[in-house]
Every structure is written in structure tokens, then in C-alpha cells.
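Structures are listed in the sections that come next.
Across the two complexes that follow, subunit A remains constant while its partner is subunit B and subsequently subunit C.
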Partner chain A sequence: MDIFIQSAAHISIQNPLCEDWFENPIPHTEGYNRSIEPDYKPFINPIAARRMGKLIKRAIATSVSAIQSADLEQVDAIITGTGLGCIENTEKFLSAMVNEGEQFLQPTFFMQSTHNTISSQIALHQKCNGYNCTYSHRGTSFESGLSDALQQMLLGRINNALVGGHDEMTPDYYNMLGKIGYWKQGEISEQTLKRSNTKGSFAGETSVALVVGTTHTQHSLCKLRDVDLLYKPSSESLKQAVERMLQQANLHVSDINAVMLGTSGDCDFDETYKRFAQTNFPNTPTLWYKHLFGESFTAAAFSVYAAATCLSKKHVPQHLVYNTPKPLEQPHNILIYNHFQNINHSLILLSQC
Partner chain B sequence: MEELITELKKEIIDVLNLEGMTPDDIDSDAPMFGDEGLALDSIDALELIVLLEKNYGIKLANAAAGKEVFKSVRTMAEYVSKNRTK
Partner chain C sequence: MADKLVVTGMGIISGLGVGKNDTLQALLAEKSSVGTITHLQTTHTDIPVAEVRMTDDEMKSALDIPQNQLVTRTPLMAMVAAKEAIQQAQLQKQKPKRIAFINGTTVGGMEKSELFYRDFLDNEQHKEFIAAHDCGAGTDAVADYFGIFDVTTTISTACSSAINALIIGANLIKTGKVDAAVVGGTECLSKFHLNGFNTLMILDREPCKPFSKNHVGLNLGEGAAYLVLETASAAQERGVQALCELNGYANFCDAFHQTATSPNGQGPFLAMQGALADSNLQPSDIDYISCHGTGTGNNDTTEGIAITRVFGEHIPDFSSTKAFTGHTTSAAGSVEAVISILALQNNFVPANLNFTEKMDEVDIVPVTKTKHKEIQHVMNNSFGFGGNDSSCIFSKIK
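Up next, the complex of A and B:
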């Protein structure tokens, strides 16, 4: 059975709900960046919007946009990956607890302080009574959700699903992560990230919604061939996982036109990506995406979105290219490899329709 | 009383995040709940109970009393002026 990525939408530090980033990406030089907010009025009733935090609004706008682009009225399942959930409201709720001595706690902040609020708010908005699930697995939350959707379709339980990756970065959380070396100091640029030999990257925010389904349509962006999640794999077991994935897809190493990596400019983690590419795809061009969208717990959603867009447009823009041992051909198959702190690793295989 | 009504309207707009509204947009005598007026719901009621306790030291334990108190901004202001402890 073939599974397709039918549509995708994003709100990020690039121009939202459009593909401007593909031709004219916005360069970012600061360590801390918030998403560019679109006008939410076409997506959310102002009365309903007043009780929603930023992340919920972004999640609903991207979800509605993706469902509309897929020409669907409804989806069979809503699956969300989020590392932190609605952390802004969680902070407000916890701050009120501390400042007010656990008195006068506002119900809205409490309701939105749980991780699964995102998926449930999308379901309420879409009036979707189907399967609803939230994966909160830090750096592999999105991939876990995508894997769930894929498996449920292969088992015939659902025909389509809305899969999202949503995370926001508050100033307080940014500062806390900065204390444990998450962020680079000084000005950021594509070149400083590429040549980096220091720890840390730069922060972005993620809101990506994809519709995946079993039917090929005129809107389909690409095929979702496989998703594999690995826990602390050795180089050898990672190599075996790649071989297994390619074999199951009837592909050879030479059929992979590009490898999309989660390279971020953090020397501790980029080394793993370099080793992965050298070991498994020494002659294949590598791509990256975090220099455009920044780092967050669900940043991997952008890797799928960017690779799917390249396959759909049959073209890879130069700014996505990280390294080219040989000229980049028209992409037919892109393998995506991400890892979170060398602990959780994921492989995702996409092919042209 | 009019001063308190305006103060309450500002607090309601703030706590319920009624973006784009000003105190002048809220009719002091219009129903706050139901299909007319502000068309607030049960979660808004909880927010208003927290507002009364936090800003005016009023604990609203009786749900039936709440219905009368929250009929309109004016009834709310009258209740606040009689029962406020801060």
C-alpha cells in the first residue's frame, strides 16, 4: 500500500502559510526568534480565539490550511507531536501558583497547560471524533506521531490523518535552555552554522501540519515510504536500519538523490550527521533545514515538510544544500535522518509520487 | 457606581482576553451569558469568580447567587460594591 503526504502548512520564523522560504528564505542573525504570526481571522472565530494561546492558534491555522489544501472536509485521525505543549500557558499557570500562593488560578491557563490540549483543540475546532493522540517524546515527538499515522494506515484502521509538530519557545524557556548550552552566542548566519566548531544552535518555533493519506490525488506532494525510530543505535545498527529501509522500498543507496540531515551548527551533534553521511551515503548530496527554521523539539517536522516540497516541485533550492560530493539531480528519493542529543534517532524515506 | 462599572469592564476585557473591545462596547445592562450581549460561557464564569476573589476579596461559593451576580455588568458592580473586602 502506498501512503502519500497530501498537503502541508507551516507557521515558523519564515513567512507563514506559504512557500516563500523555498525561493526567498528570511535569514536570521539572532539566537532567539519567534514565529511570524499570520492573520488568524480566516481560520478562527475571534470569540474562540480569545481563549487560545499562540501555539493553539498556530496549530489550528496550519491544520485547517493543510486539510483545505488536501481537499478534505474531515480527517480520520489527529496526531500531534509536541516536546513542550503549550509552555507559555504552563508558565503563566505556574507563575500564578507561585505569586498568588496557589490561590486565584485561572482555568484557561490550566486547561491549556497540558500537552494534549493542542490535539484536542484541533479536534474540537474540526469537530473530529476520530482517533486523537499526542506524542510528547522530546526531540522525536513529531516522528513518533508520523510513525503512528503510517502504521495505522498500513493496518487499514484509517485512510488519512492530520499529523502535526507544534512547539513554542518562550523567553524564559529559551534562557533556561541557554544555561545548558543549547544556543550559540553572537551573530548567527548560514556560514557560521556551517563552519561551527562550538556547541549550540539558534532557536526557532515549530508549527507544521501534514495531511497523510492512502489515496493519490492531484494535490499529493510525495510518497511517505517508511519511518523508523531508533534508541541509542550504534553506527552499525543505524547502517542496518538504513539497509533494511532501502531494501523494503526496493531501492539502492544510489537511488537516494539526497539525504536531509538535522545539522544545526552544534558541533556535538553535527558530528553524528557527518558520520552518518560518510558511512552510509559518501557520494550523495546532503541537505539541511535548521538554518532556515531554527532548532526546537519538533524541528524535524520541517525536514519532512522541506523534503516533501522539494519532491513535489522536483527541485532542490541551492540554500538547502549542505554538501555536494556530486551534482544534485532532480530528486526522486530523499532519506531524512534526524537525531535528538544522540539518543533518539529517526529515519524517514520519501519518494516522488 | 459608574466608575466601578467602567473598572469592571476593563478587568473583564483583560481577563477574558476580549481583543478589540473597549469598555464602551459593553452594554452595562446587557446579559453577560447566553446568546445575547457578551455571550460568555461557563469557563468565563470561572474566570469571573477568580477575578472577584482576587481583585475584590469576594468568595462566590453559591452557584445560584452567581446567576444573579453575573446577570449584567451592572448587577456585578452592585454586588461588588456591597460585598468587597478590598
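Up next, the complex of A and C:
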């Protein structure tokens, strides 16, 4: 069975809800960056929007946009990956409790604090009674959701799904993560990330919505061939997973035109990406994306979005290229490899339609 | 015909005790674990809860984890429960090729974050707990303890998390991505969600009375429970006994309100109907429904209405065991899955404790005293905030 990525939409630190980043990416120099907010009026009633947090607005706008681009009225399933859920509301309830005690708390922020608020608000907005699920598994939250959609389509339980990756980065959470080595000090540039010998990266925010489905349409961006999640794999078991994935897709190493990596500027974690490429794809160009979109728990959603865009346009822009042992051909097959702190790893295989 | 999915191990910790045997004995003795708060540091000491009696230190000792190792309460409970399930299924002795750990939780490391939140913001103290805050951190801590998992992920769909974990694990086995899955959920009490539920005014100051006319709310509980899933042929190959079949399951969304269920219980209706269809069973095949039955007016009425919509005139025996365990939120789906399977294996319907009189809104009465009878198929319901409604059916091996 062929499965397709039908459409995609993003709100991020690049120009939102468009593909400006493909030709003219915005360079970022700050360690902490919030998403560029679009006009939400086309997607959400302004009165309703006033009661929504940033993350929910972004999730609804990207979801509606992706569903419209896929020419669908409704989806069979709504699946969200989010590392932190509605952390802004969680923080509001938590700080009220910590600072003012347990007596006079208000329910609103608690109600909107659970991780599944995102998927459920999308379902409410779409009036969708279908399968609804939320993954919150650190750096592989989005890939877990994509895998869920894929398994269900393979089993014939659904024909299409909206799969999102959504995370906001509040100032407090940015500072907290800074204390445990998540962020670089000083000015960020493509070069500082590439030549980094320090820990950490720079922060962005993620809202990516994809529609995946079993029917090929004129809008389909690419094929979604496979998704693999791996927990602390040895280099050998990672190699076996790559071989298994290629074999099942009837592809050879040489058929992979580019490998998209989650390289972020963190000297330790990037070493793993280098080793992965050297071991498994020594002669294949490598791509990156976090220098455009920043780091967040669901940043991997951008790897799928960016690779799908390249396959759809049959072209890889130079700014996505990390390293080229040989000239980059027209991309037919892109393998995506991400890992979260060498703990949770994922492999995703995309092909041209 | 596709290979059947079977359960080959299960483990549980809750207010009722540690393990299947404690749980079974408490159920048969109709002994509730709802009582006064002892572990949780809160000013709401008048709110009854069902706490796991073991302290973190006691769990660490039982698990041979050094006392100074940083592990929060939610993963500790998960380790205790998963250990029982993994041992029963002999996953370590006869390791299947690829094993997934699919874990449901919502609170994550919150019980420590709420203690150290000021330090997180203002200074460098306790910063080691920052990385333990998110839901996935606990899942991976459990995976590290056992060292047998090839895939891990975390489901966070509030009070239906554990059943959804079961569904995802089952799908991964069916597509051949993994050969076995340990699925379930874990949740410790936190001040955060105790206060959250309190602001929603859905906590009963008395022991909860699910499906009763004068129900006023729920009692929170804490616990963890896990099942080991694999195909019948894989279990046979490994020489492991199947406890029951996971016959079918369904996940639907109520899409009505963030915290309330629609008046006609559409999400619960679709979930139960979907689980029946997925199992190729008729409503009349169900011998017992282990209900979500939290004790809130909204849940019990809408679940009751949904049950009448699915089962019509012939309502199967049903009960909520929340008055035994409290509402263990993200763990509820698997805590009650273990209870459902115990009911199936031992041929009894657990009592719906504290029932007073029938609700006005819907003409149904739960089983109020332990009822011994032959049980072939059990339906297990779990519904959550955000309208995340799921249902699954366990059946005896024929």
C-alpha cells in the first residue's frame, strides 16, 4: 500500500503558512526565538481566538490550512505530538498554586493545561469524532504520531490523518532548559552551529501540520514509506534498522539521494549524526533544517516538512545542504534521521510520488 | 485469518496493594482503598484519595534502586507494576526480538516540579529535576530500569492514556513493527491535578458513589498497571501461557467540550460500538462492562446514556471500580484492564461500591455486590478530558 503526505503547513520562526523559507530563509542570530504569528482571522473566529493560547491558535491554523490544501472536509484521525503540551497554561496554574497557595485557584488554566488539549481543540474546531491521540515523548513526540498514523493506514483502520507537531517555548521554560545545557551563549549563525565545539543549540517553536492519506492526488507532496522509532540503539542496531527499512522499500543505499539530519550545533549530539552518515551513507549528501527552524521538542516535524517540500518541488535548495561528498541530484528518496540526546532515535523514509 | 493478540503478563500497583493477588483479594472482599491523604503535601487534607501505600524509598528498596538515584514517583510505580507483568510474560528469559514500551501519563514529573518550581526559576538548586518534568522522561526511566525495550513512546490523553497505549501497542504488533509490547499507564497524585480537579468542583468530599443519584464527584487515586501483548503464535513459540485475548478496541473523540461529555455521550457511544465492531461481537456477547464511572454527574449520566444506546434493552452487568482504587487518571485504563482480566479469569463481576439509588437521567443500575458468574467477554471503558474516549474488549481464550 502506498501512503502519501498530502499537504503541510507550518507556523515557526520562518514566515508562517507559506514557503518563503524555501527560497529566502530568515537567518536567526538570537538564542531564543518565538514563532512569527500569522493573521488568524481566516482560520479562527476572533472572539474564540481571544480565549485561546498561542499554541492552540497555531495548531488550529496549521491544521485547517493543511486540511484545506489536501482538499478534504474532514479527516479520519487527529494525532498530535507535543513535548510539553500547553506549557503556558501549565505554568500559569503552577505559579498561581506555588505563589498564592491552594485556596483561590481558577479552573481555566488547568482545563487547558493537559497535553491533549491541542488534539481535542482541533477536533472541536473540526467537529471531528474520529480517532484522536496525543504523544508526549520528548524529542520523538512527532514521529510517534506519524508512526501511529502509518500503522493505522497499513491496517486499514483509517484512510487519512492529520498529524501535527506543536510546541511553544515560554520564557520561563527557555530559562529552565538553559540551566541544563539546552542553549548556546552568544550570537547564533549557520557557521557557529556548523563549527560548534560547545553544547546546546538555539530555541525555536514548532507548529507543523501534515495530512497523510492512502490516495494519490494531484496535491500529494511525496510518499511516506516508513517510520521507525528506536530506543537507545547501538550503532549496529541502527545500521540494521536502516538496512531493514531500505530492503522493505526495495531500495539500495545508492538510491537515497540525500540524508536529512537533525544536526543542531550541539557538539556531542552532532557527533552522532556525523557517525550515522559516515557509517551508513558515506557517499550521500547530508541536509539539515534546525539552523532555519531552531530546536524544540517537536523540531523533527520540520525535517519531514522540509524533505517533503524538496521532493514535491524536485529540488533541494542550497541552504539546506550540510555536506556534499558529491553533487546533489534531483531528489527521489530522502532518508531522515533524528535523535533526541542519543536516547530516542527515529528514521523516516520519504520518496517522490 | 490474522494472528490473535493475547495478553501474556500483567502487573498492578494501586491503593488496593501491590500486585494482582492483593488487587483480587481486595475486590472480592469489597475493600475500598479510598481514605485520607498521607503522602501528598497539600492543604486539602479533607479530600479523600486512594494513595499507593508504599513511599518512594520503599519502592526504590523493592526495586533495588539506590536511594540517592533520582527517580520520581510516577516512574517508580510504573517499574513496580511493569516488573510483575514482565516477569509473568517471561520477557527477560525468553526475549522477543523487538519489544515496545508504550506508556500513558499526564502528570509526568510534576510532583517534584511543583515542589521545586521556585528553584527552577530562581536558582540552580534541584535543576536535575528539570529534565524529569516532561512525560517522556519517566517512560525512558522505566525502559532503562528493564533494559529490554527497542521502542518507547508516551501517550498523554489524560484519563484514557493507558487504554490508548494499549491500542498503539496492539497496532505496532499487528503491522509487525514489534513482536511484543508492554502497555499501560502510571500516575502519582500531585498537588497540581488535585487542585485542578478541585477547582473544577468535581471532587467528592465523601467516598465516591459511581452511577448513584446523589453522586457529587470523584476521588482521585494513584497507581500504575501494565499488560504484555503479543500474538498468540509468538506466545506459543516462547512457551508462555496466554491469559486472555485482546479482542478489539476503538478510540473516538467526543468533540464537544474540553472537560465535559456531550449530553448523548457520543464519544463513549462510538468507542463502545467501535470496540464491538473491531471484535466482531454483538452487544449481547458482552458479559461485563468495566465502566469509566468516575462518580461525577457528567460522566456517569453520559456513560449511562451511551450504554443504553449501544446495548438497548439488554444492558450487561456493569460496575465502576473507581470506589475501590480512586480515579487513577492516566493509569485508569490499564488499572481497570487488569481488574477486567481478573474478573474474566475468576468469573466474577466486581461490586460498584457505595451505590445508593438509581440516577434520574438514565434507567440503569450497576452490580452492587460481587457477583459470581461465567464471563467470556469483558468491555473496558476509559474516557478523558478533551473527549478522548476509548474502549477495549478482552475475551477468554477459546
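Definition applied: the second predicted complex is superposed on the first by the 353 of 353 C-alpha atoms of A that agree within 3 Å, B and C clash if a C-alpha of one lies under 4 Å from a C-alpha of the other, contacts with A are read in each partner's own complex, and residues count from 1 in each chain.
What we mean here is this: a residue touches a chain if its C-beta (ideal position, glycine included) is under 8 Å from a C-beta of that chain, and two chains touch if they have at least 3 such contacts.
Here the structure is a predicted model, which is why all the values come from computation and not from measurement.
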| item | value |
| --- | --- |
| Partner contacting more residues of subunit A (subunit B vs subunit C) | C |
| First (subunit B), second (subunit C), both or neither touched by A:R51 | first |
| Touching partner for A:M111 - first (subunit B), second (subunit C), both, neither | both |
| Subunit B versus subunit C as contact partner of A:S7, first or second or both or neither | neither |
| Partner chain in contact with A:N129 - subunit B first, subunit C second, else both or neither | second |
| Partner chain in contact with A:S346 - subunit B first, subunit C second, else both or neither | neither |
| Touched partner set for A:E100, first subunit B, second subunit C, both or neither | first |
| Partner chain in contact with A:R138 - subunit B first, subunit C second, else both or neither | second |
| Footprint overlap on subunit A, comparing subunit B with subunit C | 103, 105-107, 111 |
| For the subunit A and subunit C complex, residues of the former touching the latter | 78, 83-85, 93-95, 97-98, 101-103, 105-107, 110-117, 119-121, 123-124, 126-138, 140-141, 144, 147-148, 151-152, 154-155, 157, 172, 175-177, 179-180, 228-233, 237, 297, 343-344 |
| Complex contact set, residues of subunit A against subunit B | 46-47, 49-51, 100, 103-108, 111 |
| Complex interface listing, subunit C residues touching subunit A | 42-44, 101, 106, 108, 113-114, 117-118, 120-121, 124, 127-128, 130-131, 134-137, 139-140, 143, 149-158, 164, 168, 171-172, 174-175, 177, 191-193, 195-196, 198-201, 251-259, 266-267, 270, 384-388 |
| Partner subunit A, residues of subunit B touching it in the complex | 15-20, 39, 43, 46-47, 50, 53-54 |
